[in-house]
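To keep things simple, chains are lettered A, B, C and D as they appear, and every chain counts its residues starting from 1.
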């Protein structure tokens, strides 16, 4: 299978976000990283209630308001205007990161430049040029009971993003528990990538070739499926 | 001068509290230890406003309510019912001790079993028998900009309470800044007792004999005076 | 998401032998008396209890001690107006005591809830309560290293609550309660009234629901100081 | 006791060359724009500024940088919608940067206010932001030691205030403001309205007045995000 064929089988970002959303249980507390991870909120299965946390001091915020209705003192960590759901709460930054670091979040969902089989994550900086900026990324990878990464399986020029050891500067060590890529769902178990789902039509050997570390099988590997989705951000 | 004469010159507890109260400046934040130090609140000079802090989470509490009017969810650290002044605030115990430890109190006033010339204080425990209980004493001695001790000059059996080194278990090291006794006002400056005031009629040598460490003079020593006071607790 | 449970008995389900239990309150204010008494009815043994005090009179934590539930107390001030229950067992060598300065106790609980495994404080330096602890110097001053404190369960008294667990407190009954909410694996709260979602202004929430697992409404809850003054006994 | 001052200019009196200044706000919310601009008018040089970001557009902290007041930024995220002022000077080597993870920044400030000289956090372990820091293991896990952060001055935006300095905030404009109030030698606050003593319910006070030194009423304060979207420039 060529790289072109591999590309043809991939899920869109919206579909990756949709797939991750299916694994967020009812009644959980979730932090979505800035940007791509914010898309996960759109695809919550009906009937499930998730309470979203934002680092800048809100629990249980909802959809953005209509344009022109923004209250710029009511924003999320991505600096986008949000609304409140009934039962929301405000708190200061130290209490907010007590929630993060103290293990009170059920799930954090983050993007990645690289994920290592050890669970190491690199998602804040590619090189040493420009202005470095870390925000809350290094805090979020610690404390949440599960840390999910959503990402393309390979870089734009076809290099693996799932690797043995990250070459980019680390965000955290041994922190990622599950990775949702454009082609597979992979758990990190005791320093190994364990394949759980892959795209129908994709050969294991092809997926392995596009992955920078050994993929293990430990139980059934099922089809990675997602509905067709219109994604305004993708 | 005999011990009997020394006794005759002493201030009552109410008068010691009164003397300490004269040194609390307008607009200051003060914590009064449980028991004897609570008396200081009664003798604030007219026109001065002091905001009292209690460890259990109130700033700006006032007088006890009339008997029968107590709200037992509105108490001070001594578990006595209090009232609120306009501008009061409630907060939890960690914020309360952030105020203490973080250097936000201007003055803490405490009782003592012994004070050493080093500024060490022993005020929580006399021996190793019985049930030990420390409360907030060890926190209060750190953080307040000034730590005042109010105490009799000697124990009931005439032994010095101001000593070279405390023999009782310590509450804190090098923490006391000023001592108001029944006979003198003494600053602690660089590990030395410096006499500021003493009772009229008392000879320096007598005071020195009743003190377990050297008394130094560094500037004028004035008369320690206090009005006659009726003290319901004394 | 609904954290409401129907009764105090249901609220304390799962607290078994050997558990570590934080209990809110300071002196006679903020103690979750109904939850404590429901726990006595359940009767687990060998508990480690974390509270500022060690029980008063014959109700609440004192009644837990009387009923033989408590193996160890972690507290700052085990003497209070009527501490017989603790004192008698302690002097008989039947109950352990870990004595912690009050501010350090609060900060250790806050650290447990905030994911801070250890911190340095000036409190206790040079005293017998710092014996055996790590000492470090910062900017020329000496400090004591203290470890976080966590619990399996927290029993909390709040004022208003909603079904997500957002809470407010009543006056100085706040004390250790909001801290303990954050530091237990399972946080169990009695409130005087359960209000609809949104019934607490988001600006006025003291404990956000993320820290709370179970909420039970106990209208007109007992006030510890009032019970003690009335000579109440729970047995 | 009256902490009110008459103007923003009077509020920022005493902030001199080389001072360390904490400034509240996160992104476009909670920034004390009028106090910042009054400080620009005053014109001290060589300041170290502590804020989550490093200025946006041509107002607020960005305008402080443009005006040459800032020697060093301590922040978590010096990139934002329009960070030109900082970026240009940083890439030219004209301004220093201490980059701190956001939760660690908040906790370091909280520690400064709470008298905790150092604490341990999992955040940053194994990353370049922990290089040179003390590492310790607790219960089998590795942690980074972080030091408290204090400042000479804090510039704060609150909502309601009284003359004792009790404060409330508006929604997510709370962010770092209550923490910074606690960690500065002199805390200077602009409020939208000064209310009489007792005008804030003691249960709803977010920052008790003990942490506040000066309060100035700035009715209808500018909102940073709104200014930036309008392309405002302060010079």
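The definition used in the following text is that a contact is a pair of C-beta atoms (placed from the backbone, for glycine too) under 8 Å apart; a residue touches a chain by one contact, two chains touch by 3 or more.
Because the structure is predicted, anything quoted here is derived from the model rather than measured.
Visitor: What are the chains that chain B and chain C both touch?
Guide: Correct list: D.
Visitor: If you average the Cα atoms per chain, which one ends up farthest from chain A?
Guide: B
Visitor: In terms of C-beta pairs in contact, which of A-D and A-C ranks higher?
Guide: A-D
Visitor: Taking each chain's centre as the mean of its CA atoms, how far is chain A from chain B in angstrom?
Guide: Spacing between the chain centres: roughly 57 Å.
Visitor: Once you find the CA centre of chain A and the CA centre of chain D, what distance in Å lies between them?
Guide: 30
Visitor: Taking the mean of the CA coordinates per chain, how far is chain C from chain D in Å?
Guide: Each chain reduced to its C-alpha mean, chain C and chain D end up 34 Å apart.
Visitor: Can you pull out the residues of chain D that are in contact with at least two other chains?
Guide: 107, 110, 114-116, 121-122, 169, 171, 202-203
Visitor: Going by the contact rule already set, what residues in chain A reach two or more other chains?
Guide: As it turns out, chain A has residues touching two or more other chains at 58, 90-91, 94, 97, 100-101, 142-143.
Visitor: Report the complete set of touching chain pairs.
Guide: Here the touching pairs of chains are A-C, A-D, B-C, B-D, C-D.
Visitor: Under the touch definition given earlier, write down the residues of chain C that touch chain A in their complex.
Guide: 1, 110, 112-116, 162-164, 166, 182-183, 196-198, 202-203, 205, 208-211
Visitor: Enumerate the contact residues on chain C facing chain B in the complex.
Guide: Touching chain B from chain C are residues 26-30, 52, 76-81, 83, 86-87, 90-91, 97, 99-107, 109-110, 121-129, 169-179, 206, 223-226.
Visitor: Please give the residue numbers of chain A that touch chain D in the complex, ascending.
Guide: It comes out as residues 54-58, 71-75, 79, 90-94, 96-97, 100-101, 120, 130-139, 142-143, 169-173.
Visitor: In their complex, what parts of chain D are in touch with chain C?
Guide: Contact set of chain D toward chain C: 107, 111, 114-122, 136, 138-139, 141, 143, 147, 168-169, 171, 202-204.
Visitor: Using the touch rule from the top, collect the residues of chain B that touch chain D in their complex.
Guide: Interface residues on the chain B side: 26-27, 29, 49, 51, 53, 58-60, 84-91, 94-95, 97-105, 142-143.
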